[in-house]
Structure formats: C-alpha cells, structure tokens
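Chain IDs A, B and C follow the sequence of writing; residue 1 opens each chain.
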Amino acid sequence: MKIYKQNIEIKSTSQIEFVDITNQVEEVVSNSGIREGQVLVYSPHTSASIVVNHNEPMLIQDFMRILYRLVPVSDRYSHDLFEIGRSKSSDGRSNGHSHCKAMLLGVSQTVPIEKGKLLLTERQNIFMAEMDGARTRSIIVQVIGL
Amino acid sequence: MKIYKQNIEIKSTSQIEFVDITNQVEEVVSNSGIREGQVLVYSPHTSASIVVNHNEPMLIQDFMRILYRLVPVSDRYSHDLFEIGRSKSSDGRSNGHSHCKAMLLGVSQTVPIEKGKLLLTERQNIFMAEMDGARTRSIIVQVIGL
Amino acid sequence: MKIYKQNIEIKSTSQIEFVDITNQVEEVVSNSGIREGQVLVYSPHTSASIVVNHNEPMLIQDFMRILYRLVPVSDRYSHDLFEIGRSKSSDGRSNGHSHCKAMLLGVSQTVPIEKGKLLLTERQNIFMAEMDGARTRSIIVQVIGL
C-alpha cells in the first residue's frame, strides 16, 4: 500500500468562484504512481469547498445564484460582528456568509482510481469552490492505493 | 491491502427518486472478501447523488419537497438555454435544476466495514438520489481494506 | 497497512447543537499508531451529521439559523404523522425536520493524516452536528494507513 500527498496552489480571482482543478488533481495522481485506489481532495480552509460536477459555465452560474439565495450576503451574520476585532477567534473578514456556504458544500471529495486514471466521466470535473476570494489557496491531494 | 471495484446498474423510474441500493452495495462488499475497511459508493454522474438516511417513504417525500423548494424547477436556469443545442457542453436535457440539486447533495458516501459488514445502523440505508430520471445509472462501488 | 476503529460517545445538550469532537478524534488517531493515512469520522445516525469548519460560536449560530430557515421546524413533515405509532418504520419522535437537515449535511467527513497529525488548519474543527438532541450518540472513528 502506498500513500502520496501533494498540495496544489489554487488562485481564485473573485469572491465566489468555481475553479476547475481536475488537471492538477490528475497530475498528482500521475505523480503518485498509484494505479488502483482513491484520491482524497481536501480543502484545509473554512470558506472554500470541493465539489464535483459539470464544468459548464452557465450551470456554475445557476448554482452560484442558488447559493446566494440560500445564504444571502445581505443577511446579518453574528460572525461578522466579531470581525471588527473584538474576538480572538476572528479571521479578520466579514465573511459569515462564506463560511455558511462552505459548510453546506463540505470540505472534501473522494474519487476512485483505476489503471492510474480517475474514474470521472466526461462531464465530471473537480472544482475548488471559493466562497471568500480572491485568494491563493492550498488544497491537499492525497492518493491511497496500490 | 486489497482493492475491489464493481459497478452496479440502478434503474430510476421517475424524475426525482431515492432508490435504495443498500442490498447491492452489501453484495459487492461480500464479493470483495474484504473484512475490515471501507466502501466508497461513487456516482459518476452529474445529476445523481449518493445519500445515507432512513428508508421511510414519507420522510423521503419530505426531503424531496425540500429539495424542490430550495432548487425550484420553475426557476430559470441559464444551463437550460444551452440545451437547445447551441453549446458543445450541452448534455441535451433541460436539467439545470437537477445538476444543482445533485451539487447540494454530493457524489459519494463512504461507509466503514467491520467483520465483513457495513457499519450501517438499523435505520441507515444507502440511496442513489436520482435528480434527472427516469434513467439507468451505473454506480461505482469500491471496497478498500484487509 | 493498518486499520483501527474506535467509537466515541458524544453528548448533546439541546435539539440542534454543534459539538466539537476534534480532541476525541485526535485521540483515536493517536491511539491507532497510524502516521500516514486518513481518518473517517462517521455518524451511524439518521439525524446527526459530521461537519468541518471554524469553532467560532457566533458563526455556528449563524449556520444553525440558516439550517432552520432552509428546513423549518414549523413545516408539516409527513414523516411526523408516522410518529403517532402507526408505522413500524417510526422512530418515535417528531423529527422530520431533523432527518432532512442531516441529509443536507451528510454522515461523514474524511481528514488526511501526516506524521500522526490530522491535517486540519488552525481554524478547522470537526463537529458532530446534532439535529435531534439532547441525546448520547456513538460516533465511529476509523483510521486507515501506515
């Protein structure tokens, strides 16, 4: 059994953005030399998620609109009151809505690997779902298998 | 360490449907001969998810109603404009809402295995959550362990 | 390859509560002796989820408020009609909304391990998201690796 881990740096360019990281994940799987197993794509962040779906730009806009409606930016978030600096747990940004969106989507995805390839179908892509950009994020890609 | 993979064919009979696939997943775990480890149930589709909860038909209807309210079919989805055929990324169906529902729920679930049995409690079942049926889907069941 | 499993008992003290279980999960990882791999934190319950995010109490309140708005307690849940005792599938509680909230959040989280430590960043904590407390829950922590 082999375990291989590599971080990939991902740049987001707006507040909410789905960045397609499929190629970078495939490269890590290739680097790992693992032929059969799984890849765990893990976001060590509290306002960025990992999502698998179709990289169709209009669809991604539809989904973002839904996220904005389910977790409106215009709502009042108690978390943001802390951001003025009164709390040590503050992360210095008015991003209550970003955390909440990220919690709905989750921090990781696991994709099976066969013969060295991710078992993604043609329309499946792996996204880092940025909810509090623009930033540079470090995403953990861990491959487990034979 | 052993890795065993098998696809299971699942038929949905309506647009939105939770199909209980617990028995099929248990059969694959049994076929694998793996006694200690995990099973990854993975949907290689962009409009079908994997969910674990109670197979109580009224509850499933409650949850579907919530999905319909959070992601209404009656909304306008930009993705659906592509379905007329103007985009190569089109998948040929007016299913923007289906993709969005699937993104909320995610593509996989991992369940631990002990002594050859899934550690599901009595009220836990594994569902393929069809969001764009009726169709036949192929679900990947991958078992990892000893 | 080693596999190590331990259950941890978690007490919730109100109906909806995010209980920080990071320390207990770290202890199981330490007990496992596994240095490189993954930990699967799995809720074998249908009304309690596992979530990873920031343990900032105001943020957790914000997120609970969103859950209550997306899945209102005041709605009518068909599941609850069963609770009067007419169905064998009943679990004896009027908790349709609890199951639905849990389904939105999912039953497990997987976190990578390196040099014996969970790869959680400073602001990431692992929560059991109780949706139908107060209760004592048993959460499965399974470590896989080398």
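To be clear about the criterion, a residue touches a chain if its C-beta (ideal position, glycine included) is under 8 Å from a C-beta of that chain, and two chains touch if they have at least 3 such contacts.
Bear in mind that the values here come from a model prediction, so they are computed numbers and not experimental data.
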*asked:* Tell me the rotation angle, 0 to 180 degrees, that brings the C-alpha atoms of subunit B onto subunit C, to the nearest 5.
replied: 120
*Interface sides of subunit A and subunit B: same vs different residues, half threshold*: different
_CA centroid of subunit A to CA centroid of subunit B, Å_ = 20
*Among the residues of subunit C, which ones contact at least 2 other chains?*
1, 70, 104, 106, 110, 144
*Okay, in this complex, where on subunit B does subunit A touch?*
1, 3, 5, 40, 42, 44-46, 70-71, 77-79, 81-82, 87, 89-91, 96, 99-100, 102-104, 106-108, 110, 140, 142, 144
*Taking the complex as given, what residues does subunit A use to touch subunit B?*
1, 36-38, 51-59, 61-63, 66, 70, 104-106, 109-112, 114, 119-121, 123-124, 144-146
